[in-house]
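What follows is subunit A paired twice: with subunit B in the first complex and subunit C in the second.
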Partner chain A sequence: MLSTDLRNNILVVRVEEKRIDASKAPAFKDQMSQCIEAGQNQIVLDLSQVDFIDSSGLGALVSCLKRLGPRGSLAVAGATGAVSRLFTLTRMDRVFALHQSVDSAVEQLSA
Partner chain B sequence: MKIRHILLILTAFLGAALLVAVAFQIRDELLEYQTAERMVASNTVRERLLLGTDALANERSQTYVLLIGQKNEASGLMELRDVRRQVDDLLNTAEREITVTQASLSNTNSSLATVSRIRREIGTLRQQADRLLGPAEGVRGEQFAPRWFQEATRLVEELQSSRMTILQRERPLDPVLRTEANLRAFGAILSESIARNQALMSRALENSSEIGGLETDAISQNAGRAALAWELIDGQMVVPLSESVKAAVSKTHENYSSTFAPLQRSLLAALFGKVPPTLGPEEWYDLTGRTLSNIAVMQRELLRSTRERLEAELSRARRSVALWSALLLLGATAVLASILVVRRRVVRPLEGLSQAMLRLADNDLEISLPRLTRGDEIGAMNDALRVFKANAIQRQRTQNEKQVLHARLRDAYSQLRKDLEAAAVIQRTMLPPSARIDGVEYHGLFRPSSLIAGDTYNVVRRTDGAVGFFQVDVAGHGAAAALVSVACHHALSQAILTRTQGTPLEEIVVQINDDWPEDLPYFTMILGEIDSRSQRASIIQAGHPSPLVIRSDGTVEMIGEGGFPVGMLPAASYERLEFDLGPGDRLFIYSDGLVEAEDQAGEQFTEDRLCALVREAAAEPSAALLDKLDDVLRNWRGSETLDDDLSVLMLERSAERMPANAVH
Partner chain C sequence: MVSSISLSIDSDLDKVSLLARAVRALCADLLSPEDQDAVELSLVEAINNVIKHGYHGERGKDVQVAVGLQADQVVIEIIDHAPPMPAQVLENVPEDTFAFDETDLADIPEGGMGLALIRMNMDEVQYHSSEAENRLRMIKRIGGPGSRG
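Presenting the complex of A and B:
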């Protein structure tokens, strides 16, 4: 469900699903954990393919952030529509660094 | 038709065919045996008749020479008695044989009648001869002799012809036997010719001067007949006869040709030429007697050969019958044995297997299958059947285990379901029924996605007159979310009731967020308070969808811009939102399950559709509005089920104050 790409030593994780809901959240969490445990702490999560995230999906996202800890950073790129509204509603826009595109996210993280 | 019938009928049919064939063969052999028996009987009778005929011819010659007075009467009569006794013995034997063989020979009665008639006539002739041989009749006897001779000759001929009649009836098919019969017939002619001449020539030699032409012609005829008989005998010799027969014939012929024939020729020539013959009548009689006995030896040899052949044939036929009977018995035994073997080795085991198969097919696993130690197809079938049975037993055991497991699962499931249903009842009783407290009327809509929900809400009247309320949506759904929601319900209700006056509302949320165990799922909520004395209300929005305010004039506003969920991030801060809620104004709080409800095509209901619906139904009372919303959502989903828990809490400030009637 995830595809990864390393740019400027930053791991770009692209979610290849339309939804992150209760049925997908555990797998998403596992795969993200594997990336983090592999030593990546600069991650850009590309949510441009995702239309909908439910409460379980949001919980999984937050748990990844917690796992990354204070030294790492998890930027979110390409969140639109319902996903963007969810981030606003839950104030996650203040927790995750949101970017319009992967490029700008990578650029900001590399700086 | 069953296989046992096919096999047994086939075996029985083959066996019957075999037995019928053998039976036919036995019938043929029996017929041959009967024929051989008849031949033997016929031959025995004819043998006696032939010897009887010869003896009668001999008696005739003896009597004749006595009648013509050529012989010394005293010794001649003695000899004659012997000869007569011989004739009687032979004819007696012949009669006895005919009687004995009555069963196998046809038409024996006429033969018997002929023989007894001839014997009577012989008796008469003998009486005549005895009278003529008396001392007073010397001359008359000589005159009467030729007539007597003729009568005796007729009897000899009749005896001969009776023998030929029997031969005619039982004619042998074997060429050697036929030839031997022919040889005997010709030998009889020869013997008779010589015997006649024995008598006639004796008389002619006695007084050759008085002999007439008639008598000489008769002698000559007899001589010619004898020569012809020899020619006929020689003509038969091409057939492969036995060596002893050939030797007997050629010896007799040689004897005849070297001594008798030339002598008879010279005597005849002397008689014709009226020259006195060189030989006396007695010498002639003895010589002829020797020749006759030579011929008799030949005849006896022929009879012996025929008898032996017939006896050999008879015993061969007997052996054949015995052999074929033994074969019949053997065949019958073999057929019986095959039927028994087919029954025992094929039919019964097959029937047993077929029964066992049918019972196995009926799932009867109690059948016992024998352990056969045979290596043929039936053994293989039996082995396969044993495997089938073992598999069937294994299968049944597995099925039984499955059923037990299934029943256990069903029990466990029904127990779980009962528990959940009880929990659902409890959860529902925790929710406040529609009521009015201190001028605030409220209504709820609660639809869990399964039996119990992660959603909950409550309305609580504080002692200071304020009305506190909350709606919670725990992340996820199901039992875990429901348990957390119950904990929240209790914690929030208590917090509202025990909050000391002046403590800001957001403090409660901060406190709960800080105390929230990290392992539990987070939740979103609206916590609020309506001041019954002022027109104000306030809420804390913690990640929950923004509520709607329906003004008494029908306008709909969305308030709040969000906030952190509770239990997600420690040290999160919360803001209180204060707003006007005048008489008739309504606050519409809902969980995200409402706007995220999807139709069959996966399209969400959305805030826009919710706002439109609420605007449209803004004039209706809260209960009716919630009913309508419920209907619309059911139609939207196209089913009774939901993917996420859904709840709505509507609070309305009454236009006028009413006494409190319910507190939860």
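Presenting the complex of A and C:
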């Protein structure tokens, strides 16, 4: 469900699913946890393929953020439509740095 | 124009997206994309609650959805036969679910957001349980407040 790519020491994680819902959230959390446990603490999550996230999916993202801890960072790239709207509605846009593209997210985290 | 349709799935989280896509398609001509998002999210949250909390994740139970397409509103009812949700739960959904302190990691919610999202996304939400069934009724008004359609 996830593919990864290391750019400037930043892990770019691309979600290869259309939906992160209650049926997918546990696997998403597990795979993200493995990345974090492997020592990555600067992560850009590419949501450009995702067109729906429910509260279970959002909760899984928050759980990853907590696992990263205060020294890590989890930026979100490519959120559009319903996904972007969910971040705004739940005020999670204050928690996750939202970027239009992976490039701009990587650039900002590298700066 | 008034038309209605009933759909049902087995209580399996893997099947919720099928219902969500079907209901979204039914509303496509009536609601703006933003309102379709609102209905789809509310439906998914409601069904997840039934499967996770009502049926405790047990498969093989029934979840029915009745969709009513009316001239001025879309009415979605979710019908289940699980033990009912306590009556006051819906009334007592905290207003401040998303008023967390974003600088405090521990304060950011990981769960308990479903009912709050339903309340925010639908114009009316009612819950009735009887001997026979539980019924969550959610209404989205066409071109109503907050709609850009």
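Of note:
Keep this in mind: the second predicted complex is superposed on the first by the 111 of 111 C-alpha atoms of A that agree within 3 Å, B and C clash if a C-alpha of one lies under 4 Å from a C-alpha of the other, contacts with A are read in each partner's own complex, and residues count from 1 in each chain.
Rule of thumb we're sticking to: contacts are C-beta pairs under 8 Å (C-beta built on N, C-alpha and C of every residue); 3 or more make two chains touch, one makes a residue touch a chain.
What you see is a predicted model, and the numbers here were worked out from it, not measured in a lab.
More subunit A residues lie in contact with C than with the other chain of the pair subunit B and subunit C. Of the two partner chains placed around the shared chain by superposition, subunit B is the only one that A:Thr88 touches, whereas subunit C remains out of contact. Once chain A of one complex is fitted onto chain A of the other, the partner contacts of A:Met1 are absent, as it touches neither subunit B nor subunit C.
In the overlay built on the shared chain, the residue A:Pro70 is in contact with subunit C alone; subunit B does not reach it. Of the two partner chains placed by superposition, subunit B and subunit C are both touched by A:Ala22.
Subunit A residues 22, 52, 54-56, 58-59, 62, 82, 89-91, 95 lie at the interface with subunit B in one structure and with subunit C in the other.
Within the complex formed with subunit C, the subunit A residues making contact are 19, 21-23, 52, 54-56, 58-60, 62-63, 65-66, 69-70, 81-82, 85-86, 89-92, 94-95. Only residues 473, 475-477, 521-522, 524, 543-546, 561-565, 568-569, 572, 592, 596, 604, 644 of subunit B touch subunit A when the two sit together in their complex. Remark: subunit A residues 22, 52, 54-56, 58-59, 62, 82, 88-91, 95 touch subunit B in the complex. Contact residues of subunit C toward subunit A in the complex are 13-14, 16-17, 20, 33-34, 37, 40-41, 44-45, 48, 51-52, 98-100, 102, 105-106, 108-111, 113-114, 117, 120-121.
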